[in-house]
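Just below sit the structures, each encoded as structure tokens.
The same subunit A turns up in both complexes below, where it pairs with subunit B and then with subunit C.
What follows is the complex of A and B.
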């Protein structure tokens, strides 16, 4: 029964709030606050249930797969719900002041569309994390992509529209690839349910071509190198809260489906070659993303390129977790890193939004003195940088520690060097920004005051990112308790 | 974990919370900030005193929380911890007082003292760490919290110094992280233990242990400024004097030296390390650093630069003592951890006083400064003579134990090295003292400040006088039962076992 209530709170409530906020645009902030509280309660319920009894299944309408639709909450799903919940709530709080700051017709116009789209996006994410079959995953992915593109276009202006248009085309064609793969799998295997697929996989594995289509589509949506080209302009030109949502959460939706495919439904197809190939693309993304972040002249573009690099880290999960020797280390490491990156990246984009609003530009070389006028924001940036670089005790450190330990357990030194080198590059590009907090020189040139809520939201989130390594055993245990039964080695093939 | 363990947490929080509170203060609330600073430093002193008393009474202290499944973050108070935490807490108190006087009226003091407190939190955390992960955590925190102090002035020079500092220390941190993760992969969580925690690997994993030892020494060597990893240290001299004092005597360089001692004593174990054949290369690296630092110090005209190279050289005495097998050398190295701290902080306080009161930054400007500032110069003289190794001062105690230890271990080259280093020390310190006391002062000082009654601000004067007093005390009462030397002898006895 718990699960049914949780579904109401996690999916139906934000959906209703989205509809209401469209009808009552002035109440958008309050509706989002209500949805956030409900989502928080629902997530907490599910986490308790998973910790107590392991993965939870809900058969919608009582039919059950393969006839009906199943929803499921396991360790991975509730962890993703939690990450989305924390970041969603922060973005909602921030946005309650952000759009009102402009005090123009245009600002009100944007706010009017922001709340319904934002709540719809949150609904889609929650539904996606709870889906237990590859077709439902497609539907929710499509909902997510639709909301994301509309939000990216919200800033208006030629650059933003061009970026959003490209985003739309990429997103649609990637979804089509994925859908094609789903159709092929259904034709061959006769079911779309993740667990049934996993159960019959040894006898009747899904065709490689279907897997290739689905993986290609999802990797494009996740902006894995070399399909990353659409991300920096789309993420950098959107309004700050939207950039935060796109970088912190939206790309992780498609990444989540990749995990479901490769580690659950089609686990038999996860050969070392596949794992190493995905990992190698991740490594290339770390290099390319970090180096191009170093070369950016604008703050938001730097942060967006850093997202490309950090997504690369997530793909290092594949070669780590696919090995029975290091399964749990790689799995929990990659997912903790995912949560840490989400919080740090949201905090960074919100900070960038504050700076942009305060001085009207985000040119890194002209930030001298500016940051001294916004000490709280700058502190938030510094703390989230700790997590991106992976310094203790941040969540990023805990994630990297586990990935490194997995690499040691496997004896794969090349990957270890990659993780460490990526950290140094990350340090180099965040220091480029942080340096300006300390330079002496011109007086801070703050043009517009920033509401304290907007500064403090970023700071609180940054503190979460920089501090949650201290309690990293908790998500690790959650992931272990709720690991899908198809993947016993993810629950501790090798103890850390 | 026990109730007593909360004392350890309290020692960390006393400065951490102080730092956080100071960040929120207005730039103008000078009095409140000073009180907060002294309150935090005083509270920490009291807690450390309570810790010492408790250990004397036979209490055991430990505190831990889960970090990852099976890997705790743990604090403890063994003999090494107590030595370093006492040193850093005592010196922090006086440095705080000094810094309040030194930075009076300059901008961004809330930011400065906030990071100052966090920096000391990281240092005491390093001292109290009971396992490798905890050590690594505070070690990296130290890097992060000292950067804002190094670049505090915000000038182009300061920013460049800060960049170089970060580049070196981040690289060192990365190497250290690699070593720690690797060792965890081999042996599981490593808790610090007397005589080493890797006994079980000695038979089967010899090659890997040698490689690991090298990685550890390189990773920590960046902070300990072992040649050729020392490049950041002279550049970081752009920091304000109290920061330099802290960096050289208590925090960064000293934390590096302490880290090397920790790894050799309580991760590998001196005897195991000797069996692995890794101590001799370390001793040679330390020897090279000692000579190189002293030689370069000779050619520096900038007073702080000269002191910086002197630090490079002196800190490696600690490493040298650690790298020679035998209790006497171990005692010599460890006791220098305390003695060098006391002497070097006094020297930096002196250099800061000259700069702040008279605008003197170079050795060549120091003619007759002893007549204008007799008290500061007296303190400076005591510390400099101690560095040279003149009996009965603190430095002499360290050097004589090092000499005896080297002789006992059959390493005669060390005696020659130490003699050469002492000569060089004399060669770069005595001219300063000669100028200060015996040459006639110029008609006008470069940039003179009047501070009323005393030769300089009383806060600037109190700190070096106290630390110079401690230099005298550590030397004179070395053989008594309550002195750094007595404590260090206890450590050595435990490291070598019955």
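What follows is the complex of A and C.
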């Protein structure tokens, strides 16, 4: 394999940088920058390779499945790597100034631990997206969970610690449910490799109880309603760059495993009832998340509740993509929405961090005139709101449009109404923030100046999210290249 | 392994897992909840070992053994992290439990995130 080095690089480079940044805390920012550049090069190479030759496989230690561990990069994996890479790089750039703003002992303490944990988190994400068996997915999921919990605890206050502790207990229990499912699958099928499972599934399908355990655990980690309760406090009480990582990327890790399970390994088990049930939970999450976002008094909590709603949209992918008719529209629509949400949500949390630091609070009703003090940040917030609501030409629009087209082709009118109603609710909660911010009241005192890098990083991400719809055909092509043969819409031979 | 033994071990691992999960949901003290997590883990590990012993032939299947070893490493790390975090919670809040009100979606929690900036 000529591109094996890129797969290895994507895991080992951030891991090495994490260890080094722990040993040399003063160099954390530079090490992260180096890792970001390396990950960028590796991801670009893998994208080229996947587009040219389909999926790339690296056998760790030359052992190969079923006994050894395979790392595999296909269209879905490199798309996730790309989304994580863009958001990770932006968070690294933002954090290079964010933690430096605080001169106190506590601030230095936070910066010292932020860089290694952030780089471990990136390692775990890359390893997770490249894993090709359900046990390795468990290990990387736990790595991801540990890094995320420690980052959530980084703020160190009473609320942050309680939220992180709750997050850890929920996350550990959910992982054990998943692991129990893995054990049952191994007992029934004798392998944990995704492709081998898919190949033998028609003759020997995995037991329902195993699938239910794994899906329950992963849905909890993804904060799908009704297991979403841990998310808002954990995401809202963390430092801004951490909130961005948790909301934009960490919840997508367990969602990615769900996709691998239901659309690759156990695709024969993907009955319409399962797809509709997951979609219905998603629809409930859209409603609950949006309505509770409307009721929040603080900006960071509003953004965190909006994540619950946006996760709901991701689960609409299941009923749309599970159909052989126009399934690929639903599949690419859901995944484009995932990328757009990641960029928009990172931009929003970074903006919220700027506001919190500049005016000393994030009470929505007291944000009058903040636009005059932080014009670039508020412009970034507006652009990312565009994508959350789903107005053209944003990535949110492209994703929702594809989901809607799939729904129209499948004659599922109820779901279409759901997508549109969710967009209206999203518009309501972002407009609520924007009206307060753009009202020229008494100008709020800007207590602390914000370094330009922190404002412009948020803006660049928001521009990516808002302009992404213009290039939406490219990710669709990427997602088709090297897609696993087991995927139902490929088997059905549907038009792109 | 005879079928009767196999069923016994299966039921035992399911029971251990369920007892652990029940305690995780009902206990308030953080130390008890961390122990509940370890009990749940034991249920899963027992299942893996049972599956290994069921392999045909005189030698047990080594793959579940490798998985259990990995699982134990992960669960030891998790326990260490959870204990450290619980200790920190006790130092800062003076309590060894989480307040139930925070379950309601962050109405009471996360109000004071000004400290994070």
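Criterion: the second predicted complex is superposed on the first by the 484 of 496 C-alpha atoms of A that agree within 3 Å, B and C clash if a C-alpha of one lies under 4 Å from a C-alpha of the other, contacts with A are read in each partner's own complex, and residues count from 1 in each chain.
As a working rule, a residue touches a chain if its C-beta (ideal position, glycine included) is under 8 Å from a C-beta of that chain, and two chains touch if they have at least 3 such contacts.
Source: prediction; values computed, not measured.
In this superposed model built on subunit A, subunit B and subunit C occupy separate space and fit side by side.
Of the two partner chains, neither subunit B nor subunit C is touched by A:41. Once the two complexes are laid over each other on the shared chain, residue contacts for A:408 go to subunit B alone; subunit C is not touched. Superposition on the shared chain A places subunit B and subunit C such that, viewed from the Cα centre of subunit A, they span 150 degrees in steps of 10. More residues of subunit A lie in touch with C than with the remaining chain of the pair subunit B and subunit C.
In the superposition on chain A, A:149 makes contact with subunit C only, while subunit B stays out of contact range. In the overlay built on the shared chain, the residue A:165 is in contact with subunit C alone; subunit B does not reach it.
Once the two complexes are overlaid on the shared chain, A:287 sits clear of subunit B and of subunit C alike.
In the superposition on chain A, contact of A:179 is made with subunit C only, not with subunit B.
Contacts of A:424 after superposition: subunit B is touched, whereas subunit C is not reached.
Of the two partner chains placed by the overlay, neither subunit B nor subunit C lies in contact with A:460. Superposition on chain A leaves subunit B and subunit C with their closest Cα atoms 27 Å from each other. Common to the subunit B and subunit C interfaces on subunit A is no residue.
Every residue of subunit B that touches subunit A in the complex is listed here, in rising order: 23, 65-71, 73, 111, 133, 136-137, 140-141, 143-144, 148, 151-155, 158-159, 162-163, 166, 170-171, 173-174, 177-178, 181-182, 184-185. Looking at the complex, you find that subunit A touches subunit B at residues 375, 379, 386, 391-393, 397-398, 401-402, 404-405, 408-409, 416, 420, 423-424, 427, 431, 435, 438-441, 469-473, 476-477, 480, 495-496. Those residues of subunit C whose C-beta lies close enough to touch subunit A in the complex are 17, 21, 24, 30, 33, 37, 40-41, 43-44, 47-48, 51, 54, 63-64, 67, 70-71, 74, 77-78, 81-82, 85-86, 88-89, 92-93, 98-99, 102-106, 109-117.
Within the complex formed with subunit C, the residues of subunit A that make contact are 67, 102, 135, 139, 142, 146, 149-150, 153, 155-166, 168-169, 172-173, 176, 179-180, 182-184, 186-187, 228-229, 232-233, 236-240, 292, 298, 300-301, 304-305, 353, 356-357, 360-362.
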